[in-house]
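Dropping the structures in below, format is structure tokens.
What follows is a pair of complexes built around subunit A, which joins subunit B in one and subunit C in the other.
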Partner chain A sequence: MKRILAQCKKELVQFRRDRLTLALAFLLPFITLLIFGFAIRLESKDIPVIVQDFDHSNLSRSFTERLYGTNQFTPRQWSGSNPARDAIDMGIAKAAVIIPPKFSSQVRAGIPTTIQVLVDAADVNNARVVQAGVQSVTNFFMQDQRLLPTTSTVTAHTRLWFNPGRLESLFIVPGTFGVVLWIFPSLLMAIAMVREREKGTILQVYTSNISAVELLLGKGLAYWLIAICEAILIIGMGALLFHLSFAGDPTPLLFGTLIFLADSILFGLMLGVKADSQAEAVQGVSLIGFVTSLLLSGFIYPLNNIPFPLSLVPNVIPARYFIDISRDAFVRGTGWAGVWLSVVMLFVLGFFFFNVARKGLDRMQLSD
Partner chain B sequence: MRRFLNTPFFALVLKEIRQILRNKQLLFLLIIPPIVQLLLYGSALNPDVQNLKLGVLDYANVYESRELVAALTENGIFAAQTPPVSEAELSDRVETGKLAVGVVIPPEFPRRLAAGNAEIQILIDAVNANTAGIANSYLSQIVLQYNRRLKTTQTALPVQAQVLFLYNPGLTSSWFFIPGVMGLVLTLIGTITSAIAVVKEKDVGTLEQLLMTPAASWEILLAKVVPLFFLLMGDVLLALTLGRVVFRVPFQGNFLLLMVLSACYLFVTISIGALLGTIYQQQQQVLLTAFFINMPMVETSGAIAPVESMPPFFQTLSLLNPMRHYIAIVRGILLKGVGLEALWMHALALVVFAIVLVTISTRQFRNQLS
Partner chain C sequence: MNQPFSIAPPPLPICDPTTAIAISAKGLHKQYGTLEAVRGIDFAIEQGELFGLIGPDGAGKTTTFHILGGVMEATAGEVIVLGRSPQDARSVTGYLTQQFSLYLDLSINENLQYVAGLRQVPDEVFQQRRNQYLRLMDLDRFGDRLAGQLSGGMKQKLSLCCALIAQPQVLLLDEPTTGVDPVSRREFWDVLAELSADGMTIVVATPYLDEAERCHRVALMYDGQIQQIGTPAELRVSLGLHRLEVRTSQLAATERVLAQASETDGEIADVQVFGDRLDVLVANLQRGEAQLRFLLRQHQLSAPEIELAEPTLENVFVTRLRQQGAAPQFFPFPRSRGGNQTLQSSTSKTQNSVAISAQHLSRVFGNFQAVNKVDIDVHYGEIFGLLGANGAGKTTTIKMLCGLLEASSGKVFLGGETGNLRSADLRRRIGYMSQKFTLYDDLTIVQNLEFYSGVYGVPSKLRREKIDWVLATCGLVGQETMLTGQLPGGWKQRVAFGASVLHEPDILFLDEPTSGVDPVARRQFWKLINDFARNGTAILVTTHYLEEAEQCNRMSFMVAGEIAAEGSPSELKAAQPGQLFEVVVDRPQFASNLLKHHFDPWRISIFADRLHVVLDHPDQEVAGLRSLLTSHHLILHSLRPIPFSLEDAFIGIVKRAQENR
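And now, the complex of A and B:
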């Protein structure tokens, strides 16, 4: 125990002296939080739309007004031989609404009329958003013009739970905690581990009476403490800047964070033990860490959209469980009842990483 | 030709090519990560709204209510799960995220339907704001259609918005992401490999030897860059082939234009890498700094989440990100099939970035030598 603490203290002293790693530990995570938190949005607001009105009637004008009256679309002008298609090709507008001639006369006569909407579907998600937006504008328009019965037989009372204002930050920011706290602590740990070997100081460790497990625990403990400081900074600043507050019992998040940070550290140790050079360690952690926590964790897009063989991978990715816990703490608020399994999984994965790292270290010792 | 083959420049190029071919790590870096990333991003990133888990608590359980449930589930957007037995169970399952949407049809539904004022309750799990918004609009559309079916036999609405999806009629998400990942891969691999190529000479201490050869400093740098440039062009072709074969991404535009602009972009990434290589002395510092620079660049480029959805400030900021322009160009050429008439601004930006960065990095390299 004493040896573990001594090792831990030595690591902390070493850590404080290195400017680049200090920046890596605190500055870059913070910048990442800011960029992810502010810049990652899926739903466009103010989508540029061009209206080509062949009817020029009061009715068609009131449709146009309705369309621009939502805060979702902004008007764009474009002229040319084929303004609708050209404007989308040139990227001037994301959608074009074409109101046919005889629109008003057909509507008045009770003949079903179609309004054609061209959508730039290069961005798939926003194509759907545009479709939904135009659809609801059309419905409003019909109700407004009394083309639909004003009282409907079935009324749906819809409630959006947890996030009635549909704030995207509530979804993205708790996820960002998972990504940031996965990538950076493990990167720091891996670098620290490889450095020992690159500088040759690992030999000194071998000659001392500290055992392999004690070395791992001592190093791990030091970086775990650093990671906790990072977590306090990131989660605290995130909550402050994006107005998050606990929706329920915060203890699962507390425990979950501590275990998740340990996972992250152990993952770094595991790669650090395996890698031969710092270059390799940095590449390994940044590639594997980035890909797993960003793509296979449900951070941006729903996990159940991942196709079959690949969909098995998220089950062994700690960031995925931590994001569940973090979203529960800040948005859902179901507490232990909802997330106990995620906390257990984090624990199990941590145990696995530790064993792999220990085995790797044993082998390292034998070969020398 | 013979005279060219005898120049110090050609000898240096040969030396670099030999070094690259012997460097297993570099070759690995040029081939494996691009393939893995393209495949992963292409299949894992998917904003589809489909098979949302729907739980219906149907207290009425009559023909009309079953009709409504059928209307909800017949389009593949909602997938019915085992029906909950009580309202408590329904809300519990929505709370814990086991259901995305919960619908309650009250017992008095048939009676009120006859009276013409029936109500149903819909709960949507809105933690994921984006999915919830789209699901919500689908739901109201379905209820609207159902209403109409009750009243008239005529199914067509008086005004219908017929939506035509251009460029990607099937809304295949990988078509959006593959061009983004191409930009991402070229940026990551380009900066790292060129930075390593420049810094390694210093790290190992062979730069002085190079300086004693009759080659000029620009020749040394160019000789380093040229083989790398061709290998990275190979990566462009690799990415295009993978996109075409695995994900069936269309290629609507001009191949030559894409290659020329890709070359332009490679100059940008190689110069960034070379610049990093001249600043630092060791590989690990270079790699860490590359990581510093690449992360924000990737995040604001529109590779993962569209630029148009970002807040205005970040949209303006992203104009300074060469990767954003490159991705816009690749999407434009591949999906839209447009040419310079639509992309000239992005192309111009790339050319300017390339010229500025190449100038700075050569100057830096020269300064460092003297």
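And now, the complex of A and C:
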């Protein structure tokens, strides 16, 4: 125990001395939080659309107004022989709506009428949004002009739970906590571990009879404490800036965070004991960290979209479980009942990382 | 000629014969892949013994230390440390590794606290030991200073404190004084002598053979095997050769004649230039000297002045390795401009012209005066040494002289230029080998050499020949595609030297070129340096190692940024006031502590079983010294004057300069 504390104390002193790691520990995660929190927006708004109206009637004009009346589309003008095609080709508009001549007369006569919608589907997601948007505008327009029967037999009545205002920050920010608290603590830990090997000071450790477990716990404890400070800063500032508040019982988040931070530290140790240089450790940890926590954790992209067998990978990504816990705490509020399994999984993964790291140190001797 | 003095006084019992064996190794082997680093070594070290391990780079010393320290597994063989396996004995072993094992961003106190915590030293004991050892190493005033801000010597002393804090029974020291200045080095060894007298078993590897003289016993290691074990005196006797110091005005010609003779003649075993003298080893004193005089007469060379001296451990080391065929060969440098035959004419032409000159050179960093009014003149064909302790301002001076650093005041004159020292034309005539390695670790050896020959504009048709020369000189033919980072330190230094002379510079700056290089390679280094000087190159070299400073034609001693003394090695030694005495007593450690009370501590140092004492007024002080020793019931076996070594002179100059401050 004394040796663990001695190791821990030394790491903390070293950490405090090094301005660069201090910045890496607090400034960089905070900047990342700001960038992710403010910059990632999945909702498509203000898509530029050009309307070519061959009808020039009151009805066609009110359809156009209705189209631009939503916050989804914004008007674009273009002239020329073929304005619709040219505007899309040149990237001025993402979609063109072409209203045919005799539009109003045909509608008034009750004859089925088509309007043409050309969509730039290079951006798949945008295309889907435009398609659905134009469709719903058309439906609303028909109802508004009393062109549809007012009663139908089946109506879907939708209620949005947990996030009724569909506030995107409620989705992104709790996920960002998972990404930031996964990458930075593990990065710091790996650098601290590999630095001893790189500078040769590890020999000093080997020559004393401290065991591998004691060494890992001592180093890990120091960086776990640092990570807890990071977590307080990041979660606190995130909640303040993006107006998050607890939706339910906060204790799963409290426990989950502590275990998740330990996982992050142990992951850093696991790679740190094997890497030969700081560059190697930084690249390994940050690349694996970013790819897994951004793409395979459900941070942005739904996990059920990932095809088999890649879909098995998220099961061993701690960030995925933490993001579940974090979203539950700030958005869903179901408490222990909803997330107990995630907390257990974080614990299991941490145990695994620790054992791999311990094996990596062999017998606390130099390898040949 | 004087009567030869006896080689060794009666050997004294160093350890009580009943003392136990602390460390024993039997049939120790270590294999790395296909490379056999240690090939079956056996030794036994007694408790309280100061045991030296010497050998060239790559002999397997560090591997042996790693195994003794329990941080590496032996491939075969049995090692017992205090009745246990080395791994189990780690709690009673202190190991000072070759690289600094300190945390540079921690303070002295924090470093010690960390090690004490790892080794579970109780807090109250820790405080007491911390104070004791820091006082012993003279570091107690700097407790809060970061280790990274300490000088090389202080760092090594702190490392030793860290190794001692758990009060180990066995202390392993792997080249503890590399990069440490002579004053600190001597203090370091005084501490080791004291610890060993208190019963600590100490094993130490060192490339400096004057340090090995201070060990009780020495093992000479080569190629993974121990070639010879014995006390320094025994090793010297076993050599069966005598050393003659030969002084003559025609040094170069005399060396050529004798070197030729040493290859064919049985009488003359070895010849080496040492600055302004030659060291000649002969098998038989009378016949050897007669043969030497005869040879010189035969070649119409002036009659030399011959003095008899004891062979040194270095003579033993070099001779033994030569018998093993391990001495690196000397290849003449392929010159494209001028050549060896122009020696005579070129010396007369250029000897007088000044290559490097500094007048009142000063440099201030903030409010720290790093260099203060330094005057230096180096002529073409001359080897000039710049000596001094860590932080005396040597590297700063060298950087100003070659234009890498602006001088705060004063004038520099370099190769005929005064103003623009960085002009491309001038730089092509200058070679600079810096203290830190200048090679790229992730390039192969040959890629590094190709890069430097390109940078210095060596014509492409000459490149191959020159690169081949570097490889042959370094003994790396066939291994040129090895990554430079994988070379042992001493080898890297040799390649770096090769890289800095590829373009045949007229002026060569060498900043501690031989730090960490073994004695045999060092000798080859100096042969190369001498060869360049004879071909008219002006050479300015800094070194810590005063034995090798003897090789310089002239030198300056720097103390705290100023030049404290200047002259040829012989002049400097002759200018020392007082006399050095060798004192042999029955309890050297006790005698040393006693004398340090009555004289300035720097005047006394322990060399294995004897003391060296500097007295300024021997006529009056010798009697007092004798009575002081006898009044404390010490048995005085012998007391005789011996000549100053350059190191003695250096320590005297530094200490006197500090006293006058």
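To be clear about the criterion, the second predicted complex is superposed on the first by the 359 of 368 C-alpha atoms of A that agree within 3 Å, B and C clash if a C-alpha of one lies under 4 Å from a C-alpha of the other, contacts with A are read in each partner's own complex, and residues count from 1 in each chain.
Here, a residue touches a chain if its C-beta (ideal position, glycine included) is under 8 Å from a C-beta of that chain, and two chains touch if they have at least 3 such contacts.
These figures come from a predicted structure and were not determined experimentally.
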Of subunit C and subunit B, partner touching more subunit A residues: B
Contacts of A:Leu203 with subunit B and subunit C, given as first, second, both or neither: second
Subunit B versus subunit C as contact partner of A:Asn71, first or second or both or neither: neither
Which of subunit B and subunit C A:Ala6 touches, first, second, both or neither: second
Subunit B versus subunit C as contact partner of A:Asn58, first or second or both or neither: neither
Subunit B versus subunit C as contact partner of A:Ser245, first or second or both or neither: neither
Which of subunit B and subunit C A:Asp18 touches, first, second, both or neither: second
A:Val291 touches, of subunit B and subunit C: first, second, both or neither? first
Touching both subunit C and subunit B, counted on subunit A across the two superposed complexes: none
Interface residues, subunit A side, partner subunit B - complex: 20, 24, 28, 31-32, 35-36, 38-45, 47, 63, 85, 88-91, 94, 107, 110, 112-139, 141-142, 147-149, 151-164, 166-168, 170-171, 187, 191, 277-280, 282-283, 286-287, 291, 294-296, 300-302, 304-307, 310, 324, 327, 331-332, 334, 337-338
Contact footprint of subunit A on subunit C as seen in their complex: 31-33, 66, 69-73, 87, 90-91, 93-95, 97, 99-103, 105-106, 110, 113-120, 146, 162, 166
Touch list for subunit B against partner subunit A, complex: 25, 29, 33, 36-37, 40-41, 43-51, 68, 94-97, 113, 116-134, 136-141, 143-144, 146-148, 150-151, 154, 156-169, 171-173, 175-176, 192, 196, 283-285, 287-288, 291-292, 295-296, 299-300, 304-306, 308-311, 313-314, 328, 331-332, 335-336, 338, 341-342
Complex contacts: residues of subunit A adjacent to subunit C: 2-3, 5-7, 9-10, 13-14, 17-18, 199-201, 203-210, 363-366, 368
